[in-house]
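Input: structures, listed below.
Same chain, two partners: chain A is paired with chain B first, then with chain C.
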Partner chain A sequence: MASVHAIPSLDEQYEFTAESKRRLIIGIVAGVALVGLGAYLLASGAGSHEAHHGAAHAAAGHEHAGAHHEYKWTTRLWANVWVNAVYFTGVSVVGMFFLSYNYLAQAGWSSAFKRIPEAMPAFLPVTGLIMLAVFFIAGHDLFHWTHEGLYDPNSPEFDPIINGKKGFLNKPFYLIRMVAYFGLWYGLWRVLRNLSLQEDLYGGTEYYNKSIKFGTIFLVVFGVTSSTSAWDFVMSIDTHWFSTMFGWYTLASWHVTGLAVMTLTVVTLKEQGYLKWVNQSHLHDLGKFMFAFSIFWTYVWFAQFMLIYYANLPEETIYYRERFSGYGEKYLVTFWVNLFLNFAFPFLVLMTRDAKRTTIFLKIAAWGIIVGHYFDFYNNIMPGTVGEHGGFGPIEFGMILIFACGFIWSLSTQLTKANLVPKNHPMLEEALHHDI
Partner chain B sequence: MSHITSPVRTPLVTGGKTYADVTEDVSRQVEGRPTREWTIAFTISVIVLIYGAACVFWTWWEGLGVWGLNKTVGWAWDITNFVWWVGIGHAGTLISAILLLFRQKWRTAVNRAAEAMTIFAVICAASFILMHMGRPWLALWALPLPNTFGSLWVNFKSPLVWDVFAISTYFTVSLVFWYIGLVPDLATIRDRAKSKVSRYIYGAFSLGWNGSAKTWARYEYISLILAGLSTPLVLSVHTIVSFDFATSVIPGWHTTIFPPYFVAGAIFSGFAMVQNLMLIIRVVFKLEDYITFEHIESMNKVITLTGSIVGVAYLTEFFIAWYSGVEFESYAFINRATGPYWWAYWAMMTCNVISPQLFWSRAIRRSVVWTFVLSVVVNIGMWFERFVIIVTSLHRDYLPSSWAMFHPTLFDISDYIFSFGLFFTLFLLFSKFLPVVNMAEVKTVIKSSSETLPKSVSGVAKGERVTKPAFNKDAE
Partner chain C sequence: MAESHGSASKFLVGIFDDDDVVLKAVKEVKDAGVRIHEVYSPFPIHGLDVALGHPRTRIGIAAFLFGLTGTLTALTLTMYTEKLDWPMVVGGKDSYSFPVYIPIIFELTVLFCALGMVGTFIVSNGLGPTVKPLMFDLRTTDNKFAMAIDLGKNKLDETKIEQILKASGAAEVNVKQF
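The block that comes next holds the complex of A and B.
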């Protein structure tokens, strides 16, 4: 360690201050209050403008195979929980994904801030339990395929196409898969995290080599489960619809969001006086990652859209029809906002080299991506669950606030549990001298 | 780039080479007389090329009727070969552009040959486009020129036209990238040249390179710009090739995963071809110190990764064909796996998905023989992948009365052989007259990535590696 003197100390402990805790609690309380207010408005029908437009929408809104015979206002509540849970599951698991491919690729530079992606997956059990609970409580309202009548040839509800998917879309198998995803992702993260903490204590290359192994195992697992979980969590909501790209599309969305969260965390910590050794070159590289994977998301989005648009097969185009002109064009704005915030915005903001090296631009771009991809999931989940009853009200903002504060809480707690410098990481020396 | 190299990193140059050694080792084959191996290989390639060219000529003279196409299967070996060659061409740009952006030092030893391979592979691919037009003298109709005989323009809605744009852009940028990378090395050879003729030729192509700091700064600047330009091209070219199929409504073709899955498959086959070429080059030209087991292993890892991505895509397609409940789609896939072309499907599955998994074993990954054999297997598999996609989707269309099989004729086969003759003739010429390893770039990693450094790399005294290397897993 010839060059350790380049930084003042290899020990830095993050402090989760009482002040931050207080703010997060206020955030959660405010979120709960907003959700409560929104719920009250929805239950009493007062806040819902839709009631007035209901008749106009009825004509446009019924392409969706009769998913909601009787709409209950609670569906919108649970749909909101689901959107946020899926979104934050993605953000969390991408921390593990990032670590794993950095190990496999023998990346050096990222070891300087690897504690941040390492802290992200700790939130997985929370979102996992929430998703299980929502599935038990409101699965019937969110997932059309859970209706028994669809599989009964004698029922008026019988649907031969959905009946054909029975082998995959059935409650026991679905639950097994859901538990398996969270179990595997979280379990493998625990292994990697422990190896990393032990490396801090004992040093040597043994932990590094083991981390590469377990990282690779995770990548194999995630290579399959990222696609299947996207089908389960999102695609199965629009039960009739299908797209082979959907798994990678969701992965691209999760991935770039995770990168933006990582960048924002690094920049924020730096501004608080931590991570002194993370220099402009690291920030530049993080900016490049956000830039590149925003374009990658757009590529995947466009390829899926264009092929469906071009072939113009009704069973496929219905998906975009619903979002474009269905439900009284309720989702048209978010459709465009999604494209703007996730492609045009980061593309233009992060275009120049200087922008990628300047914290304020990184923050702006990261916020754009983080907000933008919320709309991505909103747009993929809401039309199939609440249809013409969707919208933006206190319930949406409140739910985001609750989940975001919960995630920050979990992330901060994890950050306190380890030295911010992985001081025995064999690549650390390279990262400390990262210069591009 | 950081000058600190972690001790866990494996070295990329062995044998304690100095800068002068690099120049010497790489320039030797450019300056020396052609070796016996080269002469034999070149003669065979030229003979194959002449035979193939005669067959291509006959194909044009007689018309495409000499191929085995029929009314149901209107595309077969022609487009299979085209996609196969374009795919092979992907590794070059990935190595030169994306790996440059990712600052992968191991790319320096293989980028030159891989880029050359890309250019020749794209030429081979383009030859099939010209061939399957039947009347190649009308090829200009594929360009967006206002038709002087009327007001007809190309159909901009057709992905086939997008393909013409994509491939020509790709070819141009790859060629420029490759040539710019060659300039410092051409100047090296110019400065060492003994005959007037070679001094003149290499001198003209080295564009007055003088090796000043300013020149180097410009060189690095333009390399990054070209890398930035080429990176989207790596994705776009095969994406648009996949659109040729995926925009249609033919079961087995119309599937949204095609673009990224084609790109992964292309990189997969491209790396396999790079392996085949580099494994021969390193032995014949005695470059084992530059193209080391680390390079072979890294490329095998890329092959395993992209092969597995392709495997996930195959399974996704199969699953969604069932899940969608679309009977035509489901039938197309069941017909692939169990119909009259089952052997092609299982050849593809075995070669592309199953056999690359052997590379999970470190011993196999680092074995020259295994690598060579598996790389050939991968390219056989990738040929079958395109054949399966094209022919099995076409041969049983919506009208059972028109169902047919495709039987290749002598000309289908010979026109394919032509492309091998062309490819190897060009590649052998390249390997004789141009340095197959980028000397200038290898020299940039010597200090950071040599196994052992000589006492003096360039007249400046150098010590040993700073820390105790931890890279050697075999030593106990």
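The block that comes next holds the complex of A and C.
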């Protein structure tokens, strides 16, 4: 029978305790220290690269000859910032994506914990500003297509293929797009958030109907911008290469990571004594979401890989070759870690019904997905930016810590700003009786 | 739940008008010590399977095993034909290059699983070209809910059970012989 949780009060306030703030600050400080250590090690060891620079240069081949002629250790630092910024941009925007499609589908069950996806996109301005700053500071090092000579027929660097992409890949249009993505995503989130907060105050279905409208607008916007932002943020790094699956692929990666973050937050809050009305059926559905979209990600990953592998076109295959056997097999481990943590692991952990209803299994699977998809972006961004100079050291760990703690801080702050029960949500009653 | 009733069996069928009533009645009838054969409804009722005390379905295990059979069949098929029996080099790849066969493995897994589940559905519901299904009341396909009680498997007598059914909200109680 339905385990209907009696809900003692429609008011529950999340408290962002001084203790958790202290921990997050320690995390950020530790992250900064690690990045500092990593940067020191790289800067002091930079001279040793010169000896074999020539050989590596030649091996990298034509595509990277231009990008690497002036490799600086700071490129690795900026590449790391970029990986994390892209990753957390995705996690944040997926909160909005989740809210929007739940509004459009008029889903009831998700309103029980809708404050959590609602709190996620608040981090967007942070990652947006960071990405803009990185593009201005290190765009030349990270993005091969920003080199002026590529578009000049008289330059030795002239590249007819990249010159053909000039209409899309040029600095002004790129910056306009970047501002537009973050502006639209964040702006539409603010609209939905305000409607949701007003609904708490005044009630009525008017806010719900408006939310459906703005959610739908967001979905139309995101339908285009999720693909184009994936090309801009990730695919344009490997400028020659392109894949028509890439937009979907990045969306799948972002989406499943966002779902894992959402699930982990719900489970953690429940363990802290909040969200008592969220029952096993809600957790079961969140587990299904993670399970299904892990498989979806794998499907898209494989669809992209399969066609390139089968068709055997050298200019396409180079992308996988760089990640598989290129740069002295530097990315081979993360290549397999990516596939294991994002497919095999959640697939096996979450397969049974009981696992999806048990918090410990949900936590294990969510952590697997969260870590795994970091490596997805790491694998897509690092070979094209730092290539043979890449690695996984203090600088990578530190940067993850800084961004993760910042994201948790932003999420917690947003959670304190609203009642954890969307008490006038028209679907709340249905959500409280959710039973599958 | 294959319905095999070799000898003639006699059922009491309580007809209910409302899904909430029938759900409540299941508990009351069970509490009164009556064994319920099955409840029939035009649509799924949330919590009914739990109220009836049905054991957890093993259909997932069946699906997994059918799927596994498909996976192994596809692996054997591709490996035998492409590697052992008649090795072929296509597109400069090794004669058994695993990624190429993933779609086949996937499709055969799905196919075996789907066909196996159709079979499972037919068997577990007692359907088939020669099987005559038990139909307690035709109206359960429209707007009524029926609770069937096998008198042969109950210690209480017919009148007592009829009283219990009526008391728990049955609009009518019929006798059905098979």
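Keep in mind that, in the parts below, the second predicted complex is superposed on the first by the 410 of 436 C-alpha atoms of A that agree within 3 Å, B and C clash if a C-alpha of one lies under 4 Å from a C-alpha of the other, contacts with A are read in each partner's own complex, and residues count from 1 in each chain.
The rule we apply is simple: a contact is a pair of C-beta atoms (placed from the backbone, for glycine too) under 8 Å apart; a residue touches a chain by one contact, two chains touch by 3 or more.
Because the structure is predicted, anything quoted here is derived from the model rather than measured.
Chemist: Since both structures carry chain A, what do chain B and chain C do when superposed there: clash or fit?
Modeler: clash
Chemist: Based on the superposed arrangement, let me know which partner A:Tyr310 touches: chain B (first), chain C (second), both, or neither?
Modeler: Both chain B and chain C are touched by A:Tyr310.
Chemist: Let me test your reading of the model: by the given contact rule, A:Thr352 touches which partner, first (chain B), second (chain C), both or neither?
Modeler: In the superposed model, A:Thr352 contacts chain C only, not chain B.
Chemist: Among the partners chain B and chain C, which is in contact with a greater number of residues of chain A?
Modeler: Of chain B and chain C, more residues of chain A lie in contact with B.
Chemist: Thinking of the overlay built on chain A, is A:Asp435 touched by chain B (first), by chain C (second), by both, or by neither?
Modeler: In the superposition, A:Asp435 touches chain B and chain C alike.
Chemist: Looking at the overlay, does A:Ser243 come into contact with chain B only (first), chain C only (second), both, or neither?
Modeler: It touches chain B, and chain C stays clear.
Chemist: Mind working out whether A:Asn154 is in touch with chain B, chain C, both or neither, as first, second, both or neither?
Modeler: In the superposition, A:Asn154 contacts neither chain B nor chain C.
Chemist: Figure out whether A:Val224 sits in contact with chain B (first) or chain C (second), or with both, or with neither.
Modeler: In the superposition, A:Val224 touches chain B alone.
Chemist: Name the contact category of A:Gln106: first (chain B only), second (chain C only), both, or neither.
Modeler: After superposing on A, A:Gln106 lies in contact with chain B but is clear of chain C.
Chemist: Please write out, lowest number first, the residues of chain A touched by both chain B and chain C across the two complexes.
Modeler: Looking at chain A, the two contact sets intersect at 1-2, 306, 310, 435.
Chemist: Which chain A residues qualify as touching chain B in the complex?
Modeler: 1-3, 104-106, 108, 160-161, 164-165, 168, 205, 208-209, 220, 223-224, 227, 231, 242-248, 288, 295, 299-300, 303-304, 306-308, 310-311, 313, 315, 426-427, 429-430, 432-436
Chemist: What residues of chain B sit close enough to touch chain A in their complex?
Modeler: Listed in rising order, the residues are 1-9, 101-103, 232, 235, 239, 243, 246-249, 254-260, 301, 308-309, 312-313, 316-317, 320, 322-326, 466-467, 470, 473.
Chemist: Within their complex, state which residues of chain C touch chain A.
Modeler: Result: residues 46-47, 50-51, 60, 91-93, 99-100, 102-103 of chain C touch chain A.
Chemist: Tell me, which parts of chain A touch chain C in their complex?
Modeler: Touching chain C from chain A are residues 1-2, 302, 305-306, 309-310, 312, 352-353, 435.
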